[in-house]
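Each of the next two complexes has chain A plus one other chain: chain B in the first, chain C in the second.
After this line comes the complex of A and B, so read on.
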């Protein structure tokens, strides 16, 4: 297959491309909270939430091939860890992120033990049941002293967050976020300061989740995962410890999925059992976002989440026929609910026929015809190595 | 004693609905070896159709037949249009497709009938409650040792037993049943001896969806209402029943469905403090996990031998 442009991997041209891409990304990321409206920022934060959860799910499903429709439960564990710790015990919200990770990690490892015996769609069944049971647990009266039952947290309406970085009043001490005396946001009690502040927390979370996922996927552990996905028996024969690998990846994935949960709790300022992302609907949304973006690719969930939020928020008001743009009105006017989820469900089904590896998979396949990045031959030093030969050049 | 009988009767009746759902799952599994995640939502669509017929003043008997036909059509079309072409690619793709169908059908129900609980006079429903097949007045019950068995509950159980008996006859005494068993046992050989496997599979999926639709209609009848979340839990109970009974055993599915109904009602009744109505679903979850861990082939299923 002949492509129009061929670029050698790690050549100067390749690095220019990479840097241009990175700069463009940073410009967009900075433009949104400074120039964009509150609606846009909220949508992007929702996309951050979805892409982190989908990236976490991708580790288990896309890479290790273990079907899970129960990640909403891990998301919920994160949300409730933050909610409970901050509103009941007055923890600093920062601390609840690692705490949520650890708790969800432990639960994830526990889930992995049945998962190492149960395969394929049966595992999907177990995790589906988990997704349905989890919200019931939150409203269970034996746990109401902790979770706040059906009302959620904080218990007192007057305490529902309107001030800064907190859930409820008890943790409302933080009024400013200062880095070495520089106060970029101002008084966090105002919504104009709070929204960008939450935005940057979300952006940081996405970066952390992405870096962890990338680290795992590109390492020995990641190759073990792919081996397990492609042929479990063969992987075991080649020396992959199946039980340990699955326990590890379920734990990490659950822990990472708890982070967007914590983020959502902080962003909204309260947690309730009917938060969409911690019910079955959330689990299915994560899965759809991941598969549409591209299962088994690092950037897939990111693309999927952006697309999902773009379409869902664009069509969110379409239940009212007057809001539908003229050309599309005859198509959607009959529907009593917004068409977003329907469009995505249909896209998911169609995608399985035309591009089972998602948008990113299709992009990789077709973009090669235009620009092809030629892998660097083994033994040839890369540009980076050539610039700093003493650091880590391959001896040739 | 009264309480026990009451829990038992309620359990058997609600278990009948789970049994219907499980039967549908088992028939699909025996046919094509897939777990149909959209089973519950297919049934829900047909249930909404029956509701709509009721709105138009069509008697429930006829409405039910139309509902079953709609269910059959959705199931058969799914097999022909979606499952058959995609099954060649990978089992994972089939799973995603059935999940997509789950979401699509649920959205479609909401888009057509709205997301509120129906019937609802607020949106102009003419009916006061979902049409039931059986007498559902306040004094329509039989009293057995002091426990009341409402006729609409009893009717459901009888209906399920009749359907099971009919299916048993179809599977074991008709040529088509023989063909179905042949395809389940070995599709390639079945095709070689002249069985139209495509037709058999299409009809299997259609039958499964129609049976599920019946389950949806009677469940909505028991609840008096229909809403978008109606079948989520029923699907989980149904798959718990199919797991417990063994995914390839229709008789097992019915027995397991009835047992799960009884078990969860006994648990909710006698352990009200701990289980109660809220954690009933936990019973299904525990059953699924324990059965899959201890005896993955279920009580009545045949265990699967894998070749490396």
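After this line comes the complex of A and C, so read on.
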């Protein structure tokens, strides 16, 4: 297939493209909290939550080929770790991120043990059981002293009356967030300050999850994952330790999936078993977001989450005919309910036919007709390496 | 190459950090500005005299309730008044609201068992606003622009729905459904000093006037309802009874159970089993009902959620058929007490006990009452004839919201966010669809709950109507 433009990997043109993309991304990320409304910022935070969870799931499912329908449980572990540590024991919400990661990592490793012996639909059923059991564990009366039972957290007698940052006017409560004396947000009691504050925590979380995922995927461990996904026997023959690899990736994936759970607890200030993302509905949502965006690609979950939230948010008020754009009114006015999830379900079915690798897969396929990035031949240094050999260029 | 990428990553990270400085430069004053009306102006229809006179006359705005000055942060001598010093922007809380009043709300319109039962509330709420508009019931303001967003009963989605409505200029929120959903936005709305009226849940948490002065509830607290049932069971079984509990495993169910357990001993009620169902579980509670049937309790106290009411009653009917001679008295939460839900359960719902403080709209005799006939006619005119029973809760929410706004607009400081919450917390109103003797009343810290009267009812599946058991219970009114 011929392309209009062909660019060699790591050439000047390729780097220009990369920089333009990165700058555009940064501009959008900065524009949202500075110029966007609170509704948009909150929607983006919800997208941050979904994309982080879907990226974590992508490691296990997209790269390692291990089916998991239980990631909602890891999400819940994150939410409840933060909820319990903050509201019951007065921990700083910041501290609960690594704590949630570690706890979910351990649980993830334990889940991986059956994964080392079973695969396919059987593994899916094991993880499905995890997704079903976890919410019941939260509401189990014998654990209510810890989880708050059906009422969730914080309890009326809680040390701190929130599961997030204890923002308020009283002594001991947080009102400003200063970075070396610099107060970038102002009075955090205001929605105009609190929402961007939470937004940047979410953005930071997404960056961390993305960097970790990218680091793994581009490393030797990532190549081992792909080998396991494509052919376990061949991977084992080539020296990949299947048990250790699966345990590692389940652990990392679970740990990363706990981070958006913690973020949710911080953002809404409470955790209850009613949170959809820690039930089976959440597990399926993560799966759909990942598949629509593109399984086995780093940017797929990001695209999928943005699209999901955009559709659900945009159609949230379509229960009223007046809010439906004129052209679409005949299609959706009869339903009298917001059609967001239905549209997404239809999109999923359609995508499976026309783009089984998701939006990113389709983009890669069709964008090649316009711009093709030609892999750099082995032995040829990249432009950056040639320009700045002293900053750590490595021989290829 | 790896090193150069690290530099690029570091630069990007720095850019993200620098960008964090721009979060608070938006003008927050827009929260008090009144956008242009987007709905029809009032005074354009000819309303029957009896309907136009109804709502204003039923609102007994006490002179005492309107003494709060816009600039005064000290409570008035008698009436409770909110302290706007605590607000992020006190000026915005005291700024006059002119023209159209923007009301926001969030309800489960899609997504699971809750949506099936609660979505009609939206129709009732909107219908009352349309009714008030047609009949010129807005006093001191031109119109109401009501926006109800879908949060799918997921507390993580409620903040987004509410934030969008604040952006759009919502002056107040009313009728948000669900305890965790209201809880998820309570801090934000109280910090911003935006009234969060008529939370459509019976959680006792809405009575925390000191900590959350801007949040009020509309339903009878679940604790009161639970105690009413315990009292009634005590009357049915003066020598004591065994009770099987069935409840949804969330805040909603837990509050009922805690209150029931608290008072059960007073009536010699022994709880022999407690069975739970998850709020998101749409499967029939077969095993739970079987476990209850195994204990053969004299009474079942049931707190299912939404469409779960139907599946519980259906399963219970099957269990009773398999256990000849066992016919327990069934008490069920009044959130199930609509002919839409109980009608769907069919004969399985026959004879159960529940409660309500609104009229039984499905009863043909009640339908002949002028106020109910007007209500039904209007709902049918709006194409909502299929939700006249479940829509009544939304209608009443709309009626109380309009009454509060009218009272606030007539106060000396005029219509402001502060005067709205002052009116809501110093409020006396007889709901048009309320039972005889029901008066919604609140009085600051002394009486934070709007409604605490209940009538115990028994359902007749043949006629799909309720029969009063005893008289209206008002002893729990503060």
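The rule we apply is simple: the second predicted complex is superposed on the first by the 370 of 396 C-alpha atoms of A that agree within 3 Å, B and C clash if a C-alpha of one lies under 4 Å from a C-alpha of the other, contacts with A are read in each partner's own complex, and residues count from 1 in each chain.
Throughout what follows, a contact is a pair of C-beta atoms (placed from the backbone, for glycine too) under 8 Å apart; a residue touches a chain by one contact, two chains touch by 3 or more.
Computed from a predicted model, the values in this text were never measured in an experiment.
After superposition onto chain A, the modelled positions of chain B and chain C overlap sterically. In the superposed pair of complexes, A:269 makes contact with chain C only, with no contact to chain B.
By the document's definition of touching, neither partner reaches A:20: not chain B, not chain C. By the touch criterion defined above, A:133 lies against chain B but remains apart from chain C after alignment on the C-alpha atoms of chain A.
Contacts of A:28 after superposition on the shared chain: neither chain B nor chain C is touched. Touch criterion met: A:341 reaches chain B and chain C at once. Looking at the shared chain after the overlay, A:41 reaches chain C, while chain B stays out of its contact range. Legend: residue contacts after superposition of the two complexes on their common chain; A:122 is shown touching chain B, with no touch to chain C. By the touch criterion defined above, A:114 lies against chain B but remains apart from chain C after alignment on the C-alpha atoms of chain A.
A simple residue count on chain A separates chain B from chain C, and the partner touching more is C.
Stretch 148-156 of chain B is the one among 58-66, 94-102, 148-156 or 292-300 that clashes with chain C after the shared chain A is superposed.
Residue overlap on chain A between its contacts with chain B in one complex and with chain C in the other: 136, 139, 280, 337, 341. Partner chain A is touched in their complex by these residues of chain C: 1-4, 6-9, 12-13, 15-17, 19-26, 28, 86, 88-89, 109-112, 115, 119, 122, 147-150, 152-161, 163-168, 178, 180, 183-184, 187-188, 191-192, 248-251, 253-255, 276, 278-280.
For chain A in complex with chain C, the residues that touch the partner chain are 10, 19, 22, 26, 29-30, 33-34, 37-43, 45-46, 49, 135-136, 139, 149-152, 162, 167-169, 179, 182, 184-187, 189-197, 199-200, 203-204, 207, 211, 264, 267-270, 272-277, 279-281, 313, 316-317, 319, 337-338, 340-341, 382, 384-385, 388, 391-394. Residues of chain A that touch chain B in their complex: 65, 67, 69, 114, 117-118, 120-122, 124-126, 128-130, 132-133, 136-137, 139-142, 233, 280, 284, 287-288, 291, 334-337, 339, 341-342, 344-346, 348-349, 352-353, 356.
Contact residues of chain B toward chain A in the complex are 34-35, 37, 82, 85-86, 89-93, 95-97, 99-104, 106-108, 110-115, 232-233, 236, 239-240, 243, 273-274, 276, 278-279, 281-282, 284-285, 288-289, 292-293, 296, 308.
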